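Following this line, the structures themselves.
Here come two complexes built around chain A, the first alongside chain B, the second alongside chain C.
For the complex of A and B:
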């Protein structure tokens, strides 16, 4: 769905690149996470892929279209949800969706169905300018689904939302992906990336440092430990046991056999820990 | 075309929900009210003349007979009364008439702002007025009129071309830029840019909004002031052409900037330059060649032709053609530039 080769971009049109030598490919049906801190080059890359920024150097193909010579019909196949809500404040939620719906040349979803999906149907006829930040964000999000996109660009889809709404958004992304939608997810939230993505790319200072699945990354970079909290002679004990050392494995078996375990969890690395380990920088 | 129409309907809805539209309508109504109730059909330019005579009784009668009777001449008793009256009416002039060695002499009292030519004109006027009453005096002055059928507009109607040019040709330039930058600021331009629509459709829709506003305000104003005595088909043509030109120019200028603040300076220069031909329009003696090449000059004068009963129709048609062509070229240039800069 996306092929990127040797992509460079400089806002000042000199050697000061915001994105440099970026290569990656995204297969149909994949959820691909672009993970990095603010200013890493995530939005610049997405801007180029969606045609909002001009391509300067490199090759980019999106849903079969060369982005150097984009055709407007390409946008019948893609949907873009922006980090900053950008809806017409003087139009109602329904009017906002209806306007964009009529711009597509393909079959579109019903505006009211989408509003119901994210719990905005009761304010369908209210002007979007009177919405809270979270409501505007949801409206921006569902607008990007109007054309049932084959390729869906999501820029920080859960940022600033309360946990219940964020969970709802993630469920929608999973559902659409199960229906075959390819997702390009830009985020600095490792939990969202971990939960949704088949593969993630770590980008920092405009360069991709690593691309792999969250599982592989955890296997490669995480430590295989189990933390067990158990009662021994009515005293609560907490032990960290390696899954690679025979002695620790035997001890774990012994604790399991004793049947007095209160808590037990594996201690694989989080994506954030791996990001810091690989790039030497945090995600915020 | 369907997408252009949808975009236009959306923009129209936004305009009706916004302030700009009502401000334009409000300004047109204020202009109409000022023309109808404040500005007279024709400005009166008569000048009051106060005279005090420091003469004997028989001499006073003689001078009064020479001056005859006129509403503009007021005889007062003293020089002090002349000065008091002139302080109240800053356009008035006065004279004190005396007798010196059996000759009538007069002393002019002026406001102080009159230049030499004005002073000479007033003196010649007074002397001429007196001379014309001397028995046996005849004038050898002949008057030849170059344009026998020249028409004059009333002062009220004469101001309409100035308003229409400013409203349609110049303010359109400014307001369309404001619309574009507002969309940029709200980020909605990005959402539009990732829909299967062309940049020209977005720009054309904005121009159609400007045209709608221009047509409403222009037609309301002209109908209220002039009535049905002009050719409204030509008015339609002129407004469409000038509006197209003005808004396309506004789009082209906007394409070089990413915020309204940055564009303001250039917009201001353009608008000020476009206002200069107003001087030539209201003061025909100032009419240098360089002012004639400014776009608002033909705008004003072709609109004035339209106001005449027997205006130059070919001039009007030529201007419609020229401005439509210029507007189209500017629109193509703006579209070309915006393809690269609209979302950057």
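For the complex of A and C:
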């Protein structure tokens, strides 16, 4: 669905690259996460892939179209949800969707169905300018689904949303992916990436540091620990034990045999910990 | 075409929500009505004369050749009203002209010429003079005012385009349109449509309200259409870089300077100095619209002036193209 080879981009059109030597491919049906802190080059890369930024150097193919010579019909196949909500405040939610719906040449989803999907049907005829931030975000999000895109670009789809709405958004992404939609997810939220993505790319200072599945990354870079809280001589103790060290494994067995465990859970490395380990930088 | 109409419909819907389109659509009508009301003679023939009822019929008959004559009992009361009416009194020492003092400049001289000719008709002149044309075809205020309003409408049209674009910039919705199959030219035509329509409709409203009869509407349409482009380009160039309506309107207002400079320059500058206005498309528009309103324009003149306007517009567009393109990205 996407092929990127040797992509560079400089806003100042000099050697100050916002994106440099970026290579990756995304297969049909995949959810690909672009993970990095603010200013890492995520949105620049997405801007180039969606044709919003001109390509300066490198080769990019999106849904079979060479992005150097893009054709407008390409946009019948892709959907783009922006990080910042961008809707017409003077138009109602329904009017917003109806306006965009008529800009496509392909069969589109019904506006009311989409509004129902994210719980905005009761405010369908309310002006979007009177919406809360979360409501505007949901409207921006469902607008990107109007044309049933084959390839769906999502830029920070859950940022700034309350957990219930964020969960709703993630469920929709999963459902669309199950129906065959390929997703390019740009985020700095490792939990979202971990939950949704088949593969993630770590990008920092415009360069991709690694690409792999969250599971492989955890296996390669994480250490397997178990945290146990247990009573010993009526005193609550908390221990972190490695599952790779024999001495710790023996201690774990000892605790389990004592039968005085209060709480026990595995502690795998998070994507954020792996990101910090690999790049030396945090995600915020 | 479907997408263009969709964009136009959206702009109308959005514009009517805050009365923007209504205000701008009403503006040409309001301006024309105000002009018609404030300038009493704007819709009248050149000269209005009041005489006492006992004025000799020969004098009345003579004056009626050049002016609208009304017979009154109280001449002073009639003259003191708001409109432009002169009094003519036939006395023992000859004919007197009574003026209020607020009449349109030059009209008293015109009346003096007319009255003078009547009084001197018995003088045996060595040459024979035939008095056929007093040089005035139409009230200057009506002519120049209408011309100014028609050209001013192009700026209103540009302003409508500008405000619609500012709305797009403020809500960052151009990016959302850029990721649909909408072509750039479809977006530009859609966004420009209302501006052009407002300019053309405004021109028609002005000539209708001010009572211009017998003018060639096709000529007027072509000339106004040509000058509309400059308003649209200015609207686009300011609109795509503004994300706040007040500053955008403030920038647009600076365009009034070349508009007014061109029109008043054309009115007051001697012919030999008119070349300093040749750079201005508004001058060429003024020049041809004046002839159209006087029903003296030829197609050659309309095409020549419209061609010059379009050439200047293309040059302006070339200068601003990059700015507009970047703003629409």
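For the reader, a short list of remarks on this structure follows.
We adopt the following convention: the second predicted complex is superposed on the first by the 277 of 284 C-alpha atoms of A that agree within 3 Å, B and C clash if a C-alpha of one lies under 4 Å from a C-alpha of the other, contacts with A are read in each partner's own complex, and residues count from 1 in each chain.
Following the convention adopted for this analysis, a contact is a pair of C-beta atoms (placed from the backbone, for glycine too) under 8 Å apart; a residue touches a chain by one contact, two chains touch by 3 or more.
Note that the structure is predicted; figures quoted are calculated from it, not measured.
For the composite obtained by overlaying on chain A, chain B and chain C cannot both be accommodated without a clash. After overlaying the two complexes on the shared chain, residue contacts for A:102 are found with chain B and with chain C alike. Of the two partner chains placed by superposition, A:125 touches none, neither chain B nor chain C.
In the superposition on chain A, A:240 makes contact with neither chain B nor chain C.
Legend: residue contacts after superposition of the two complexes on their common chain; A:266 is shown touching neither chain B nor chain C.
By the document's definition of touching, neither partner reaches A:216: not chain B, not chain C. Looking at the shared chain after the overlay, A:82 reaches both chain B and chain C. Within the superposed three-chain model, A:5 lies out of touch with both chain B and chain C [touch as defined at top].
In this superposition on chain A, the options for chain C are 38-46, 56-64, 74-82 or 110-118, and chain B clashes with just 38-46. In the three-chain superposition model, chain A touches both chain B and chain C at residues 50-52, 54, 72-76, 78-80, 82, 84, 86-91, 95, 99-100, 102-105, 140, 143.
Interface residues of chain B, counted against chain A in their complex, comprise 2-3, 6-7, 10, 13-14, 17-18, 186-188, 190-191, 193-198, 340, 343-344. Those residues of chain A lying in contact with chain C across their complex are 50-52, 54, 72-76, 78-80, 82, 84, 86-91, 95, 99-100, 102-105, 127, 140, 143.
Put simply, chain C touches chain A in their complex at residues 2-3, 6, 10, 13-14, 17-18, 167, 171-173, 175-183, 329. Listing the residues of chain A that touch chain B in their complex gives 47, 50-54, 72-76, 78-80, 82, 84-91, 95, 99-100, 102-105, 140, 143.
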